[in-house]
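In the two complexes below, chain A is the common chain; its partner is chain B in one and chain C in the other.
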Partner chain A sequence: MFAVLSPRFRSIENVQNMVDAAAVLAVVTCGITFVLLMGSIDLSAAGVMGASALTVSLLVANNRNDNDLGLLGIGVAVLLGCAFGCLSGLALVLLKVPSFMATLGVSAAGLGVATLMFAGVQPNVSDAMLKGWAIERFLGLSYLTWIAATCILVGWLLQRYTRLGRYAFAIGGAEEVLALSGVRVKPYKVAVFAVAGAFYGLAGVMVTSQLGAGLVQAGSGYDFSAITAAVVGGTLLTGGRGGVLHSAVGVLLVVVLTNGLVQIGVSPYWQGGVEGLIVVAAVAAAVIPQRRRNQVVK
Partner chain B sequence: MSVPASTPALEVRGLVKHYPGVTALDGVDLVVRQHEVLGLVGENGAGKSTLLKALVGLVVPDAGEIRVRGEAVKLRSVVDAADHGIGMVFQEQSLVPNLTAAENILLGGEGPGVRRGVYRWDAMRRLAQEQLDKIGSNIDPLVRTDALSFADRQMVEIAKVLRIEQRSQHPPVIVLDEPTSVLEAKEIETLFAQIRRLREFASVVFVSHRLDEVLEVCDRVAVLRNGQSVGELAAAGAVPRELHRMMIGSTGSDDHYHENAAAVVESERPRLTVRGLSGTSFQDVDLDVAAGEIVAIVGVHGSGREDVCRALFGAEPVTAGEIRMDGKKINISGTRAACAAGIGYVPAERKTEGMVGPMSVAENMTLAKQRSRCAGPFVAPGKQAAVVDRWIDRLCIRTPGRDTPIQRLSGGNQQKVVLARWLVDGDIRLLLLDHPTRGLDIGARSEVYRLMRELAASGVATVLLADSLEEAIGMADRILVMNDGRVVSEVACPAGGKPSPLDLVKEMV
Partner chain C sequence: MSTPVALKPAAEAATGDGGPRLGRRLTGFMPLIALLALVVALAIADPGFLTQRSLTAVARTAAPLIVLAAAATLIVLCGGIDLSIAAVASLSTVLLALWLPHLGGLATPAVILAAASIGAVQGVAHVLLRIPSFIVTLGGMSILSAVALVVSGAGTVRVVDDSTVKWLELYVGGYVPMSFVMALVVVALIALALRLTPLRSWISATGYSESAARLAGTPVDLVKIGAFVVSGAGAGFAAIMLVSRQFSGGPTMADNLLLPAVAAIVVGGTAITGGHGSVWRSLAGALVVTLLRVGLPIVGVPSAYEQILYGVIIVIAVTLTLDWSKVSIIK
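So, the complex of A and B:
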């Protein structure tokens, strides 16, 4: 439809643009998919990405301090994301805080940490490798896109071949059965949130690479977009159905839609609203087969 | 370590379990011999499910002991039970629907199927196949569980339970909780063949409501009543009638169901007339209830009677049919319309559907049609208190006060509050009672029965889904039998001319 309305939409460059634009969202969605599979929800992406963006920009070569840790700095940022995810998971299983509240809190904590590190002066990245990720291309696609593709592959392997991934499915399918089979569910829940956090941490690094600077708002809006993408791709919010590949398709759909709207001249101010409507419509469509009268929805 | 063949595989001595307001187990004894199929029967509320839960560690008993092959054990979890070789096939199937059969069979004990957290699908398939081979099943281990039929899923579940063999060196004890309730006749035959096969290397406890089945497949049958063991008999040569007498005991003399208080049915005043009612799980149901009449609907699980009841209250969609109240056609589009028509519904799941646990007795009692006790948008506390106190008094509800949270009351008193909800406005014409005595002890049941009689005497029509056949026979003036979504027969049930439970069972299955 967009291809008919705008000839530019069809161009090779635009396809490259779209795929590149999808890279960060794909990584975030990959992480959030595991949480959604369990039937939990994760709203911590924005905060975790902010903290990770600041961390990485202050650890690699930058204009604020003399650090030049390179890959090690990136690793630390990813681990930080992992730690934040752990925190969400522990709050869920130990303090019995519902996941939406626990992760919302962790997001706020992440933004707080990011703001402290920002300290009023924007750290500009001068590390050539990190900046190169967003610019240099391999087979026509940016390095970031290849990183995202690798993440999707890793996510798929996790989901298909590891106990962590399979139990995430099982927890979303019938958690009490796991308990009746003598499986200790809590460690797996924490681990799933930690894995998701690591993905957000990496996404924060990727945004920093794109912007060339560490910003507190690096992850702003990604939490919601990732849920939209996962749901559009067919991962149910009630858990147990869908998966990483579903979500990857969802990411492409959402990005194509956003890009298409820009190409046919829709004001960017409209896009947030459109995205909101899409997620509600997608969720409504997904529950139509299960809808019964008098079913209570909270 | 070898155990003499005469030592029971499992022995239960004086098991006691109290719940608030109810004694579920009152000193139960049970012996399961090696390589035997033991039947366990009892009415609803006799304590079967609590006993089974105690056997697999889901319930920790207050007193008494469980011995496995002569050795006293404490079972605190399903894993404990499995370590001692006790496993259970649950009534509601306990499989994860979105995993493969292999994963379900090996769940929690994948062994070499998972190395360092990474799945070896080949090994998973092989291990699962070994379990399935034991029971001679040809299910593909890598098929998703929700794609299997109910009977196949049950086989997966048995294969899963048999895995406990690897945890203990002794022959396992397998508990089957009502495994036949939703199976077809042919599938039941397959299951029975399976049970006989299990006997070769295990002991089996078989729980069922269908007495003929119990006698067919079991070697010995133990009977529970009111949380106590009331006897056992060898299955060979026994007839269902004998078992049945043991289950219900001799209740002949005392008027448990207050039959002498039965209301005069004003049959010339049909209160509810239903013609051709159809919905998703029931078809073409005709139903008449006169003022003052109690009509019970009986049927096995899946007969559709619960859905008919909910449909009459507008809580279940209806595709065709006509409902008349006092001769006037009404359209029950939802629960609001049903309330407005003077219909009240007491749901089977009291704790989740019947009441709001943390809210007070007063609030629970006045939950429906609150408007009549309101001044503008606000609840008028004076009006409410007066009404509530009057009904607490009239129904003898034992509560510290009207502001006590309802969850602190005993089950019987909770149920009276739920019933009172429909009485406070004085405009009730039809009561739908879905298992109104579920989980209540004998005394509380009797009070609910008395209340039902009083309401009938005041001209209220009642549709009753009874907890047991005896209850249906005891309370009802007329009984409809439902089978597979249709009303298959109607039995008059007047005081002094009651049918026997076996007459009804014949129609039900």
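So, the complex of A and C:
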């Protein structure tokens, strides 16, 4: 539809741009999908990405200190994301804090950590490899896109062939049944949040590569966009349905939609509004068939 | 199966505030204890803290937060949550700044009305479509932020003639800021309305056990929508306080009040699972949060720790106030 409305939309460059723009969102969505499969929700992406963006920009070659850890720095940033994910998961299973509250808290903590590391001076990245990720192309697509594609593949393998992935589905479908049949659910819940955190950590690194600098706001907006993409792709917020590949399709749809709206002349400020409408509409469409049965909704 | 569920709210309502459990008692007084401890600690750390000037400043800072938290408490009492309060308040500051030149004195009620109807729309969506409240309000937050950005042109809207909102900047008796007095009035009005009408038991019943309340004939849907309306109106009023203080409206002006407001509600001891709590608790919670915010720089902690602190406070407070008997599976 957008291809008819705007000739620019059809151009090869625009398709390239869209795929590149989808890269970061795809990685975040990959992570959030596992959490949504369990029927939980994760609002911590913005904070975790901010913290990991600052971490990586301070650990690779930069203008603030003499660190030059290269790949190791990226690894540390991903691990940090993993640790934040662990925190959310532990708060959920040990303290019984609902996931949206726990992850909201973790997001705030992540932003705080990022602000501490930012310390008033923006760290500009001078590491050639990290900067090259966003610029250099391989087969017409940037390295970031290939990383995202790898993430989707890894996510799909995790979901399809590991116990973690299978149990995520089962927890979303019927947690009580799973627990009654002797599965220790709690460690798997924490593990799912940790995996999601690791994906956010990597996404933070990718944003840093795009911007060439570590910013506290690196992840702002991605948490909600990722939920939108996952929901559009057919992953239910009630859990148990969907998957990484569904979400990948959702990411493409969301990116095409936002890009298309800009191309036909809608103000980019509306992007968040469109995403909000999509989420509410998609969730409503999913619950309407069982409206009569579900009388209690909090 | 249904008998204990149905009996519980009745027993709770009969005893008035909370159950007889010691833990409940303790968490009941926790916000006041925390408040006193904070005041004492700050007075020791900085002898100048207990002067009239700094206390006035604290009261002025706390006013919008109190209104936001107290109004949103009703939704939490029903067992839901409103994540859109900050976005509604931001949008309201923009609307107020845009409408003041045209409507003059009518702009204030108009903005509160607009904010209340936004709340009503979200409430209706929550109740009719049966979407969980945090998803509705998360979507609402995103939509309203977009609307605020578009109508304001993504910039600050200056208020040239602020004569109609200036009264909030007056001082009662020369010392107490008018905005703080108004915040107290709002809390008192909500509390009074709850006490004098069946609303209090309706809300509690909805929060403790929605299906039981429905069977007992409580207008659950209307109660929930009403809670959302009050929450929206509160956000609108908080926006008026912000505009009167900053002489402008901005599309992200109130966005950083979401975490403090949620923290204020849970620190006050209102259980996130619904039913247990009150608006007075949120008043105490809002004062605690404001004191922490003001106090951190006094004891020499960089303000970047503020965010981390909110995160930790929310998680801990939710844990302490949670009704563990009610929740077997937490998503």
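Here is the rule we go by: the second predicted complex is superposed on the first by the 296 of 298 C-alpha atoms of A that agree within 3 Å, B and C clash if a C-alpha of one lies under 4 Å from a C-alpha of the other, contacts with A are read in each partner's own complex, and residues count from 1 in each chain.
Definition applied: contacts are C-beta pairs under 8 Å (C-beta built on N, C-alpha and C of every residue); 3 or more make two chains touch, one makes a residue touch a chain.
Predicted model, so just to flag it, every value in this text is computed and none were measured.
Asks: Look at the residues of chain A and decide whether chain B or chain C touches more of them.
Replies: Tallying touched residues of chain A, the top partner is C.
Asks: Once the shared chain is lined up, is A:L111 touching chain B (first), chain C (second), both, or neither of them?
Replies: Touch status of A:L111: second partner only.
Asks: Where does A:N65 make contact in the superposed view: on chain B (first), on chain C (second), on both, or on neither?
Replies: The answer is neither, since A:N65 touches no partner chain.
Asks: Look at A:R163 in the shared chain and tell me whether it touches chain B only, chain C only, both, or neither; answer first, second, both or neither.
Replies: After superposing on A, A:R163 lies in contact with chain B but is clear of chain C.
Asks: By the touch definition at the top of the document, which applies to A:N17: first (chain B), second (chain C), both, or neither?
Replies: neither
Asks: Have a look at where A:T150 lands relative to chain B and chain C in the superposition and call it first, second, both or neither.
Replies: neither
Asks: Answer with first, second, both or neither: which of chain B and chain C does A:G173 touch in the superposed model?
Replies: Only chain B is touched by A:G173; chain C is not.
Asks: Using the superposition on A, tell me which residues of chain A are in contact with chain B and, in the other complex, with chain C.
Replies: After superposing on chain A, chain A residues 176, 294 contact both chain B and chain C.
Asks: Write out the stretch or stretches of chain A touching chain C in their complex.
Replies: That would be residues 38-41, 43, 91-92, 95-102, 104-109, 111-113, 115-116, 175-176, 224, 227, 237, 239, 267, 269-277, 279-280, 283-284, 287-288, 291, 294-298 of chain A.
Asks: List the residues on chain C that touch chain A in their complex, please.
Replies: These residues of chain C touch chain A: 79-81, 125-126, 129-136, 138-143, 145-147, 149-150, 154, 210-211, 214, 259, 262, 272, 274, 302, 304-316, 318-319, 322, 324, 327-331.
Asks: Under the stated contact criterion, what part of chain B meets chain A in this complex?
Replies: 77-79, 82, 90, 94-99, 103, 107-110, 114, 117-119, 121, 160, 315-317, 334-335
Asks: What residues of chain A sit close enough to touch chain B in their complex?
Replies: 160-164, 166, 169-170, 172-174, 176-183, 240-241, 293-294
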